[in-house]
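Notes to accompany the following structure.
To keep things simple, chains are lettered A, B, C and D as they appear, and every chain counts its residues starting from 1.
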């Protein structure tokens, strides 16, 4: 149950079977830092290339293909006071041909992050939006494990291995489960957003460097098809694809598998339960693969006596 | 400001320019009843054909193309004790080729609705789900105004005129705004669900007949492109199409129009605001046209001084 | 086997159960005219509103729900010398945010149609394209039968009843089969294109008024799900929906039904045949519902001894 | 202008920056062999793992990011007499929930390929389809160059770098153009189909090992966004994505860029030309990324005086 402190010296913009930077054991925790999406660190210095550069990979001892890797976010908190966002809703999120036609377009907006009060405020460009103090809800936009088939997959996108899911539910307190495709799982992480709206529709949250503490664990001989997650209130499955319909298909199918597998529900009950109780969150509708999350309330599961085996 | 009590004698399974059953004035309220999706009334008797039969249409005096029709849900409450749902997640919501493979498939599940306690409980088929008492959240699945171009559109689907949106946010306390396409607007309503999960993924909520009281009003010379809505916390725009991506495009584009129109935001602020504050709900992913809802917090609008003109 | 000559006096921009303009018997032929998509007739005079106005409907004696209506195009030929097209590829056909950025944008291009030589040539705006003499291949963009459920569906879109499919294979020599939803079938037709590229990607073919001669027939007690068609070389099924993937699903599923039904193939053979022999055409990727056509070679069917029952 | 004969000893199931097996110069030709999709060679022996294993990569001297790599297929011909295909149309190509319900399902069909007559005939399972002698049209399903961002992308899918496009137009006589992302371009090739229907809807063509001779060349300082191609009759652009709509967007946008770039057309002419002359082919609708091809007739380009610069 060791706690590791890891200071990164280099980063990756594809998630793959890179040489591990640290070997950790199931049950261990790691504290490390992540740079922002443009490769800028806590001093706002550019230390690596753009594009969601990842810290890692971390090799988890004993992880083998067919296992499930557990990643528990104990702390995700910005480590500098300045963040930035995109300024225009992405064309793929708007009606084809709709012209937003705004004057004085700027490429980036700057946000001041008050780490003590836990709020973010836009300081440029000039806008009435600057009046708004948004509560911080720091999340990781991009993280995951080495994918199958000797692939190395760009941190712009996501798939069964995780990656750039940009889901604002991946905050501290959440636990995420990944299929293990290679020995050691090879966990990567980066791309903190201090705040993000649903869908990441301007192409960014409030992009910032961060301090992250996470725990790792293993469920041996427990294959899953898509990332799972949970927080205090919900169990969740994640589908990454295009169009959004396919994300929903992946996430819902995987939730049926989980409910009838680990939770021991008969298929009839799993379907009936989802019918009236399921909830969906939109992760992102900006990246090459979009993300939808399928959620079921833990309280509902408890009320019907469905416990994890 | 009259209050009308209307008892329907016939119903429609397409929304169009049918002869009005009642003429009402802006500011009036109407209390009426709706049959369930299979055409069964409060006595559970089949009184009309299946397929979301609609009560109405109601002619709103003074409504002309280019106006906005306001429909305020004062009360939506089941008027019988028995509801039913589908039992299997629809194939279009699951991975192609995934076989849910459940034995003892039944076509419908029955739910007992306790109108005093405000809960619903499944009573057949046998399932641990029967232990769950779900709080009622009665909504209308299908309602809208006569569409443009002399169309009559099936109550199975939805478009700019509303229709079968199956969004569980359309509960009492919500106000919905429709574009007016024909004189009198010709408002139809039906298809109450006592409870519904996101997406209506088994093809139904808890389908039930209902008592509905709604107010109508007009905003003259105020064209909109897609349904708008609001409740105590949010303003909302609704996109109905396939795939879900296109729903998001319609709803988000319409929200930008609303924010820069009635709410007077400059385009830059509207984009920046949506980027970090927008929320989306999945209405349905079952009907021929799917539904996504784009939401913005009224408190956020208040904090930045954005008031409706 | 009567031949009717019908001169239209009014038109419809929704396909529905309008009062028939003529009653015809199975085996009859009809010669009539259609106005262009903007409601202009053979004198280029605006005689009705825009939006693919339809001639008809024609009531086919004896047609009942569950039958198949047969419509054979004996002749489709423009009846004036001037056609027009859109000038810009539609935004939904281009990458989101791609700016075609062309100067001197004009809304419409004019084409001169040489009815004797059988060619079309663009005469404005000024462009090297004016050098090209395109062979005429006149087709009907929008035609179909009254839809089910008392619907009236805009001539902007298409569905199981046909409608605005904008497929350039619907030329003289083709026979189209529609499901019958209402007594008399109620056949509508209009929207001739003298020439059209795949996909109708500028939103138009060379739009023109036309003279059309078609034969009608009935296949009693022969329900189909989507339009079928054939020409000298192929049998075809048509899927109308969004996205294109869903069009392919509808058309391919319907082809399997046709091959294993009327053509008597066992399911195994039908699947294997499609696997290596199927062809697809893109009808339109512009209208609210897109169109894909699934084709199988008649010669291949003959070689394996598959004859229509 | 050397001719190389290369005998592969190992293969790759992801396309990436693997160590090159051979260095060739622009203008050179290479003759080599490819194994079939299951890793079986000309003796039908399994020599490597399944999943479209690739021969290569070939390093092209002088190729740098920003160049275009030219790959000319001089010969693609099976080198054994036995091929195999899938037997069932893939669920994602059929209506959700449609049950093809065929008895006696077999996983693979076997085809006898007559290399002298140039035909293929199915020899098992038993089916009337066995009567059909299909003309060989050997193509490569999967080939491409190392992708950007240090990625290695599975040979199951495709993107801007090419990959598993499964387009039956990639036959001998075709020339394909790829963007160069890494020094040497690193060309991979494999996955010959002796015959394939549009869409690869049973998940395979007639899968077979092959002898391939190709020429390579370079266009220096000539960035492109998506693969281009040409044959005697057409120039083509290729879009790989999901859904098919997005493939069409990529391919059409790229065709506009090509016409207004290398072919020197003004934007107005390029749009007008595509409107009435464009053609589309469906590559595949089976792989994780689908493929659509946008085509323009070379004769049309010649008639309007549009020559490549």
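Everything below uses one rule, namely that contacts are C-beta pairs under 8 Å (C-beta built on N, C-alpha and C of every residue); 3 or more make two chains touch, one makes a residue touch a chain.
Quick caveat: nothing in here was measured; it's all calculated off a predicted structure.
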| item | value |
| --- | --- |
| Mutual neighbours - chains that touch chain A and chain B alike | C, D |
| More contacts between chains, B-D or A-D | A-D |
| Reference chain A; chain at largest CA-centroid distance | C |
| Mean-CA-position distance for chain D and chain A (Å) | 34 |
| Between chain C and chain D, centroid-to-centroid distance (C-alpha), Å | 32 |
| Inter-chain centre distance, chain B versus chain D - centres from mean C-alpha coordinates, in Å | 47 |
| Per-residue overlap in chain D, given as positions that touch at least 2 other chains | 92, 94, 96, 242-243 |
| Residue ranges of chain A touching chain C (in the complex, touch as defined) | 90-92, 94, 96-97, 243 |
| Residues of chain D defined as touching chain C within the complex | 85-89, 92-96, 98, 100-106, 109, 122, 125, 127-129, 131-134, 195-199, 201-202, 204-206, 242-245, 248-250, 252-253, 256, 265-269, 271-280, 282, 285, 290, 300, 303-306 |
| Residue ranges of chain D in contact with chain A within the complex | 12-14, 16, 51, 148-154, 156, 241-243, 246 |
